[in-house]
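This is the structure I want to talk about, given as structure tokens.
As written, the chain order gives the labels A, B and C, with residue 1 at the start of each chain.
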Amino acid sequence: MVGHFSKQIIYEAVKLSIILLLAVCVTLPEVASANAPRQQKDFPQGVSAVSPGSDLWRDVRQRDLPLQGAVPLQGVTQVQGVESGVLINAQGDRWARFRTENPVRYAPMALLGVISILVLFYAMRGKVGIDGGLSGRMVKRFTDYERIVHWTLAIVFLWLALTGLILLLGRTLLIPLFGHHVFSLLASASKEGHNLIGPIFLVSLVMMVISFARRNIYEKGDLTWLLKGGGFIGKGHVSGGFFNMGEKSWYWMVILIGFAISISGLILVMPSLGQGRVIMAISHVVHVFGAIVLIAVSLGHMYMGSIGTEGSIEAMKSGYVDINWVEAHHDRWAKQVKENNLILSAEDFARLQGRKFDPADTVTEQS
Amino acid sequence: MTERLEKGLQVLRAEMDKKVMSFFSSCVNCGICAESCLFYTETGDPRYTPIYKTEPMRKLWKNEYSFWGKLKSKLGMSESMTEADLSDWEELVYDGCSMCGRCSMVCPVGVDISMVIFKVKHALAVAGFSPEGLVGATQRAVDIGSPMGITMKAVLATIKHAEANTGLKIPLDVEGADYLALLSSNEIALYPEYLESLAKIFDHAGVSWTLSSDAYEATNSGLQIGNKAIAGQLVQRVVDGAAKLKVKNVISPECGHAYTALRWEGPNFVGKAYPFRVVHILELLDELQAQGKLKTTGMETDRLTFHDPCSIVRRGGVQAQPRNLLRPITQNFVEMTDHGSMNWCCGGGGGVSSNERAEGLKHTAFNRKKSQIEEIKVDAVVTACSNCRMVMEEGLEFNEMDIPLLGLTELIAEHLAEKPH
Amino acid sequence: MIAYLIDGPLWYFSLAVFCIGVLWHLARIIFTRGRTDLSVARGSAGGGAIRNVFSRFIPHREIASQIGLPVVAGYMFHLGLFAVLFFAAPHVIFLEENLLGFGWTPMPHWAFIVASQFAFFGLILLWLRRMLTSVGRLISTTDDHVAAILTFVVMLTGCLALLKGFPELRLLHRFTVELLLIYFPFSCLMHTFTFIPSRAFTGAWFGRRGIDA
């Protein structure tokens, strides 16, 4: 009896399995083809209908928003805050592309361009010398405090320029060089370093204004200096006061662009003051272009103040300059100096520096 | 290693103590001391920065007491000291420092720079790197009894003149007197009116006093040159003279460093506390005034100011007394802007005025005192140190300024009222 | 491997060098012979000592205008650094977890930023003053420069590591801190502790003479 029943059961089970297997074999291709790209020809022709959601997203995205004066669409939200009703920042992508196509592209060009000009200038013109060389007789030009203010600003500026350039150009230049991991360290460090030291730049700038603004006001003769190229292009002597027009131009560039960079920087580093994204984007543009201009021109300043002109760096080291240097570059100030008897002998100068006078110290270079 | 260098280094090692170690550990070379020193402010020469003057001792400390110095020695890399480390500092320490102590007031970490400079002076003196003028003065002080060569004969002559001018007897070698009065050579030579003033005031106040033929000189050339042994020798003369006359008190005269030498450093130089009290003449006069024994009359109407002698006021502590004494007799007293313990030095202390080599520098340094006086537009300057008085008189003359210097004790003597009893 | 060293053995080594070095240096000062002053005191030495420790924080009126820069910059640097060292949140947590076992309320983030800016600005001004004045150039030693630059580097690496997600930057900061701790007892940085006996000795000297210094 058992044997008869089990034969029956087995026969039925096999029949069921074959049916199941067939069913799977028939439906599997259907399932497979359902996951495969749909082929039109597999489908019966349907009715084309636009998803109602895409209209909404197209309006929100505002891809064709005009550049000028257009305001991103704002909805109503439970969260109360600045621009909290803006779902997608229509300008955001535009700004990101602007950043990649402009400052990121032009900054290296500007910097390399300036460096090339300086190299060319040095190759052709050489170090701008002084007629008769250095005499060793010195005049006080800058006090201790003035030099401290200048170098504080310089050090802070160089740090901000370095960290700022890493943030601007890092993705394009440094990731290929150092890879992502190292760059992430550099970028984070630069961002923190840049943001912390930034406000110190503003304070140094204010100190710069207090110390030097009065002597940088435009005087008669400054325009002539400018038109004559400051005597650096071609030969010829140009008259200058305590500061010549070249120095004054650089000074006001530093002050005005520097303040623009500082204010925009403060806006950028304190995003929760109530400003929206548009102000942040504008601040960023002002910040980055101002910085590029300042960095580029500062290379010229650093060149002129060091290897570019004979006797200049001494002004910012000891605060004293050679009388021949004064007569060569600032003849109107030289007149005042001579009238007021402000020239120190080489021995007196050495003593003020805590040295014994050594005649070999006086360098008399012929230009 | 020359003998001179070895002697000098030995002194520096002996002078090293816990104070100096804490000072050199704390100094961060901030340079604030420079702004307090008239030799720096009037010349602009950074070598006169006070802490720079201590460099010989600091170098020794670095080499022999600091970690890096000791490590370098073990590795054979240390920069051993040379004679130049001492001799190059002679000018800075003797010509360019009057031991005025203003630097010690301003150091933010509390270094008593003046004290350390004195230790350096000690080393230089023992090593024989001292100015000729001071060496001569010290020799005369030891041999003759006075740096200016004033013998007892000259003192007796001064006493005679004073007795003639005042009509009072000047006691000499009176045993058992309450006060032994000392004089400074400067007073005997240039301002003998001081002795006359003492006679008048003590007669007025009924003070029992005497001079001593064994101990008439208060000036201590040993202190000025920095030789502690000689300084002690000179102080011992006073101690012996006071003992011989069995006096209870010794009066230090109007001489700055004499007060330092006798009142404050003396017991340490001789190694023993005194059996007598030392009092500056101004302290005594102030006490007498407070006790009602000293009465003055009349007022100076000129616009007057007081120059604070460094060793008496800033380093000696006698600041209120001159003002207490001036107040009753001046109608028009005005303080210098920087006065009291922060007044500026006349530039001649610490042996500078005995150092001919330092003449030019001293005149330049005097520009500070000159501008202080010009600022307040006074008719006369009162002071209580014969050296300051002499230096300022010379300085004012050099600058063609016609402003008289007055001694405070003399001024009081001129205003003595009728005897109170 | 490096991280293990910096967070582990080097940390304990530097801490030991610092503690033993400072204590030994101070003990040497305290236990070196002193000299008894045999003169009769006019005022109190003890009172003068204690008063001077505090009075030297304020410069004398007569010299204040001449030393404005070192005093202002000095306070900016020292107060800023002190505030950051003991009251910045990351440091409070560090001290609690690694050294003391207890902490305290740190200062708010904006205060931390301002304090560190003061510290940076003050130190830059002070170091430039050292380099640019004739007095500073003459009397400054290698020790002074190393101390200033090392302190600056510690502060800078701390600033660079502000964003918490980068362990390498934090390790760099910790490493420079360890270098500073090792350098500390053998340098002018000891003034942090020795200024107290130094001011006290001088205050006692003036106090005996009845002078308010």
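The criterion applied here is as follows: a contact is a pair of C-beta atoms (placed from the backbone, for glycine too) under 8 Å apart; a residue touches a chain by one contact, two chains touch by 3 or more.
Bear in mind the structure is a predicted one, so any value in this text is a computation, not a measurement.
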{"item": "Chain-level touch network, classified as line, ring, star, complete or other", "value": "complete"}
{"item": "By number of C-beta contact pairs, the top two chains", "value": "B-C"}
{"item": "Inter-chain centre distance, subunit A versus subunit B - centres from mean C-alpha coordinates, in Å", "value": "63"}
{"item": "Centre-to-centre distance between subunit C and subunit A (centres being mean Cα positions), rounded to whole Å", "value": "35"}
{"item": "Subunit B: positions in contact with at least two other chains", "value": "44, 46-47"}
{"item": "Residues within subunit A bordering two or more other chains", "value": "352-354"}
{"item": "Of all residues in subunit C, the ones touching two or more other chains", "value": "133-135, 137-138"}
{"item": "Residue ranges of subunit B touching subunit C (in the complex, touch as defined)", "value": "17-19, 21-23, 25-32, 34-36, 40, 44, 46-47, 49, 51-52, 66-68, 104-112, 115, 263-268, 271-274, 277-278, 314-317, 319, 337-338, 341-342"}
{"item": "Residues of subunit C defined as touching subunit A within the complex", "value": "69, 113, 116-117, 120-121, 124-125, 128-129, 131-135, 137-138, 156, 159-163, 165-166, 168-169"}
{"item": "Contacting residues of subunit A [partner subunit C, same complex]", "value": "144-145, 147-148, 151-152, 155-156, 184-185, 188-189, 191-193, 196-197, 199-200, 203, 317-319, 352-354"}
{"item": "Residues of subunit A that touch subunit B when the two form their complex", "value": "351-354"}
{"item": "Complex contact set, residues of subunit C against subunit B", "value": "25, 28-35, 37-40, 42-43, 52-53, 56, 59-63, 66-67, 70, 74, 130, 133-141, 143-144, 147, 185-186, 188, 190-191, 194-195, 197-203, 205, 209-213"}
